[in-house]
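Just below sit the structures, each encoded as structure tokens.
Below, chain A partners chain B and then partners chain C, in two separate complexes.
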Partner chain A sequence: MLNEATLRQVMSAVLNVAPSAIEQNSSMDTIGTWDSLRHLHLILAIEDEFKVSIPDDEAGNITSYALIKLVLQDLLKDA
Partner chain B sequence: MTTVAGREPLSILADSSAGLSQILSALKAFEEAGSCTREVTLGLSSNATVDLLGVFLRKHAALDGLRLTIHLGGLDDPSGDIEIFRACGVEYTLLLPLFDSLIPSFEAQIGRLSPEAVASKEAEVAARYRLIFSQAGTFRAVFVGTFHRIRESAEPGAPDDVDASIARLNRALREAADGFPNIRIIDLGEVVTAVGHAAAFDMRFYFRNRAPYSTAFLNELARRIVVASRGFASYFYKALVVDCDNTLWGGAIGEDLLNGIKLSPHEYPGNIFWEVQNELATLKRRGVLLCLCSKNNPADTDEVFACHPDTVLRDDDFILKKVNWADKASNLSEIAAELNIGVESLVFLDDSAFECGAVRAELPTVRTIQVPAVLSQYPQVVVGIKELFLAGGLDEQSRSKTEQYRLRAAAEEHKQHFASTDEYLASLNLRVKLSRDAVDSASRLSELTRKSNQFNLTTRRYTDSDMLALLESAEVTVYSLAVSDMFGNSGITGVAVLRWSGETAEVEAFLLSCRVIGRGIEFAIWPMILRDAAARGCTRFVASFSPSSKNAQVAGFWDKFGLSPRISDDLSPTATDDAVRRYSAPIDRVSCPPTSWIEVISC
Partner chain C sequence: MAGQPMFSDFDAIEVGDSRSLLRTITEADVRGFVELTGDDNPLHVDLAFAQDTAFKDIVVHGMLGASYISTVIGTQLPGPGALWISQSFEFLLPVRLGDELTVSCTVLKKHERDRLLELETRIVNQHRQVVLTGTGKVKLMIRKLAEREKASSTMAPRVAIVTGGGGGIGKAICLRLAKDGHDVIVNYHRNEESARHIVSEINAGGTRAIAVQADVSSNAGAQALYGAAIDAFGSVSVLVNNASPRIAPKPFPVTQWSDIQHHLDVQVKGALELSQVCLPAMQARQHGRIISIASQVTYGPPSIAWTGYAIAKAALTMLSRYLAAEFGPSGITVNCVAPGMTDTVLIGDIPEKVQLITARQTPLRRLATPQDVASAVAYLASDDGAFVTGQTLHVNGGGVMP
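Take a look at the complex of A and B:
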């Protein structure tokens, strides 16, 4: 099961915004600090936190909260 | 301090299992709390994306109490970056050239390129770094990562084209760095080995963002750079103080007796302690002052060092021994006082959580390290201790320091046989060799200015490049002195920096190693320096004393020359202790205290 509060916390720490600023429709387009470099940091931080390994294809593309959630739910479904 | 999810930021940063987002949150809390002791700036330049390294550098700096600000350079523009870093006053610079990005996928291309094309690329890179190093003299230190491969060789056991080219480039880097004392080469290949090749790289982001390194690699690299910089010059350890029982051997000598303690190189757990003793003996040979601090009967511990068949350390490996039942903090303070160094120059190693806790509480500036409960981790902890002393680099002269301190101890003993101090001094055959602008000793001279605290009139610290500039300047003479006596030669142990401007001779810095003070050497060199000043046409002598937390003992130094201070920045006649004392007098009014027992040789 994905703990969304934890995910929001990780995203807020890496993107340097308040946890409340991370919403269901947040994405690279809506959060100014979320650039391609921060995205790299975000993927690494999510992997650290949830002890998962995000596949290469998805790592570069999950540039919205909804997509990250989807991929994480999938990776965590057997955990 | 603000906590992060109920934890102290520093305890999160010290926790190797903390994830990236926790590190980021803890760093933010630490930096916002403003509890750091000092701020440091570092410029980071690379042809790969290494921004994340900044986070780990800040983490390791924070663990040394520092707030580190990172200036990121552009991608693959080291010369331009250096210029920008210099312009904004950055103190440290880190250059990380990645071999594979010198040209796109160099590792894959090299096999089909002509040897001439490879050679010309190598020559261009070498020339570029020679130029960069020559422009980087203003930085306190420039760390340069060596070239390394990111893809494993298909031909293990035989160096391929990539290995050969990397070896040539690294040789060129080291040659280019030669002669620039502030350039420090960091072996990135060793970091790859330490982390493991498979764990060091994360190729997912290499092709997308040119970011090849994993967080594990970046964390280890950052740790090594902070250690190599001695916590960005926040510490300089000189002595290692060790406990005995369960630290130098297994068991307690008072209870297990000589035959019962564990120290055999062939049996567990003695082999661990035996290995540790070997490491400590090596440290001693490299110039670290080894001391004992143990709650024991001295006869018992003496017996181990004299008679145990497997002991590596011998009695004469220890410069000082405090084997008694007094508390360890008091013993450590005494050790520092007797060695004439500050307690912040001590590293203390003990197996007892109680003793370590007590020392941490009473002497927080001592670096206290506990023998790990899991004994097989002990050698790794000792590697960390070795790094604290050695990773910052050691000067040749520092290596035989134990011998020099020992000479001093022998002198103390000799002193006891004389009726008066004068009689004693006269018997020493003291000679001072005074040199002018000894360029060959530049790094020892600047090292002395950075390490001397107690006998230091102005506490000016010079980097190697500052010192080189002074040595070559016509307006400045750097005097250095070496002392010899019947007990031996102390090597270079004092520096005086004189600035000549018109008719004024100004003492910009004067400092002596504590090993040679108390014999009149601090006075003996001045008649010759004053003669130099007069020969240059100087008629006025200007000197000062700037108080620091350590140099109170020399506050009245210039008064002994018959000079009276003017207290600057203080209009009231009652001088405060922390005001700078300035002296100015006609040269012929400066009267040097007599030192007839010392022969001064000029060269």
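Take a look at the complex of A and C:
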């Protein structure tokens, strides 16, 4: 089970925005601080927090909250 | 024979056809001619001078009478669009003021390739004396093709066959073409319930629709579908080749030829068979639209395991280009619409994650909708798309820019 509150906290910390700014339809398009460099930090922080390893070919593609959630749910289900 | 209907059609003109007009020559005509040409030769205008000549009276300008030959050519034979390119005259007798002239042209010869007529020209006076003879050549200009296209498309019936009309994209195309004023033949293979729903939705509006079950991949199926269309609506002006089997992805090691054959049969053979039955009448009307639903997979990075689907889409696209080239001169346009990933049941097999990533990687940040595809089809079927042929319209939000 994915704890979305935790995910929002991680994202708000890395992206330097309020947790309330992280919504279901948030993406690189809607959060100005979410650039490609921050994205790398975000992937590392998420892996750290949830103790998962996001495959390289997916890491670059999950550039929205919905996608991160989907991939995390998949990984946590297998765990 | 004056006042007969004009010839507007070169093909309708026959050797021996003749047209004439009657004209009484007055002093006002002579004055007008002098004013126009500056030819004030006293033989034509000065009675005293004329009386001192062998003619003993005023002689009307030879070219004044002859000029009415231009009137016959330009208004009657062949009529509007005529270009007079040569003429010989023998002036046999003088024309006098008050003479009643019958000016006539008769077709001696027709040169089809050059759209050229050889005419005998002749002017006879009220005493049945021939005052002028000669021969002329006249070319009948071709009207601009654009005018011809416009004329034929406004007269053309608006009837569309949509194969695979019961599916997601097919449904949107059927509803949109109906909204644009087409009667619609909703073809389905197995999707009967959906086809019936679409038909009742269309019939509740301003145009009519029928649902026709047919396997378009067989010649018999194509014939039956076309036959049903003709029975119901009399003709077909738009053919939309939309039918496709499910993508059914298969890794190459387990892909069999029959998997690929199935896609080729429905997508390519279906389009070919139906085009062949629809084209003769479209050619006869000099108007027709064939639109095939292609795919972004032909243009973007390959979607691994979609081998059969992709091969068939590529072949369909090429078929479309070849038909466009061969039937353009018949006023028929043939085009493709290539959608990116479209939100229908066909992509139900594609993981949500892949759909989301695809949308994220698309400049317009979403998948195509069936309505997006239908709008492109509607454009290609409309008069606005009249000069577009042999093209593929990419409806993919910028996901691939070939």
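Basically, the second predicted complex is superposed on the first by the 79 of 79 C-alpha atoms of A that agree within 3 Å, B and C clash if a C-alpha of one lies under 4 Å from a C-alpha of the other, contacts with A are read in each partner's own complex, and residues count from 1 in each chain.
Following the convention adopted for this analysis, a contact is a pair of C-beta atoms (placed from the backbone, for glycine too) under 8 Å apart; a residue touches a chain by one contact, two chains touch by 3 or more.
Quick caveat: nothing in here was measured; it's all calculated off a predicted structure.
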Side-by-side fit of chain B and chain C on chain A, or clash: fit
Touched partner set for A:L76, first chain B, second chain C, both or neither: neither
First, second, both or neither for A:L67, with chain B first and chain C second: second
Partner with the higher number of touched chain A residues, chain C or chain B: B
First, second, both or neither for A:D48, with chain B first and chain C second: first
First, second, both or neither for A:Q9, with chain B first and chain C second: first
Which superposed partner A:V17 touches (first chain B, second chain C, both, neither): neither
Shortest span in Å between Cα atoms of chain B and of chain C, once chain A is used as the common reference: 16
Common ground on chain A, meaning residues reached by chain C in one complex and by chain B in the other: none
Chain A residues touching chain B - in the complex, by the definition given at the top: 9-10, 13-14, 16, 36-37, 40-41, 43-46, 48-49, 56, 59-60
Chain A-touching residues of chain B, taken from the complex the two chains share: 19-22, 24-25, 28, 49, 51-52, 55, 202, 204-205, 208-209, 211, 215
In the complex, chain C residues that touch chain A: 352-353, 356-357, 360-361, 365
Touching residues on chain A, where the partner in the complex is chain C: 27, 29, 58, 61-64, 66-67, 70-71, 74
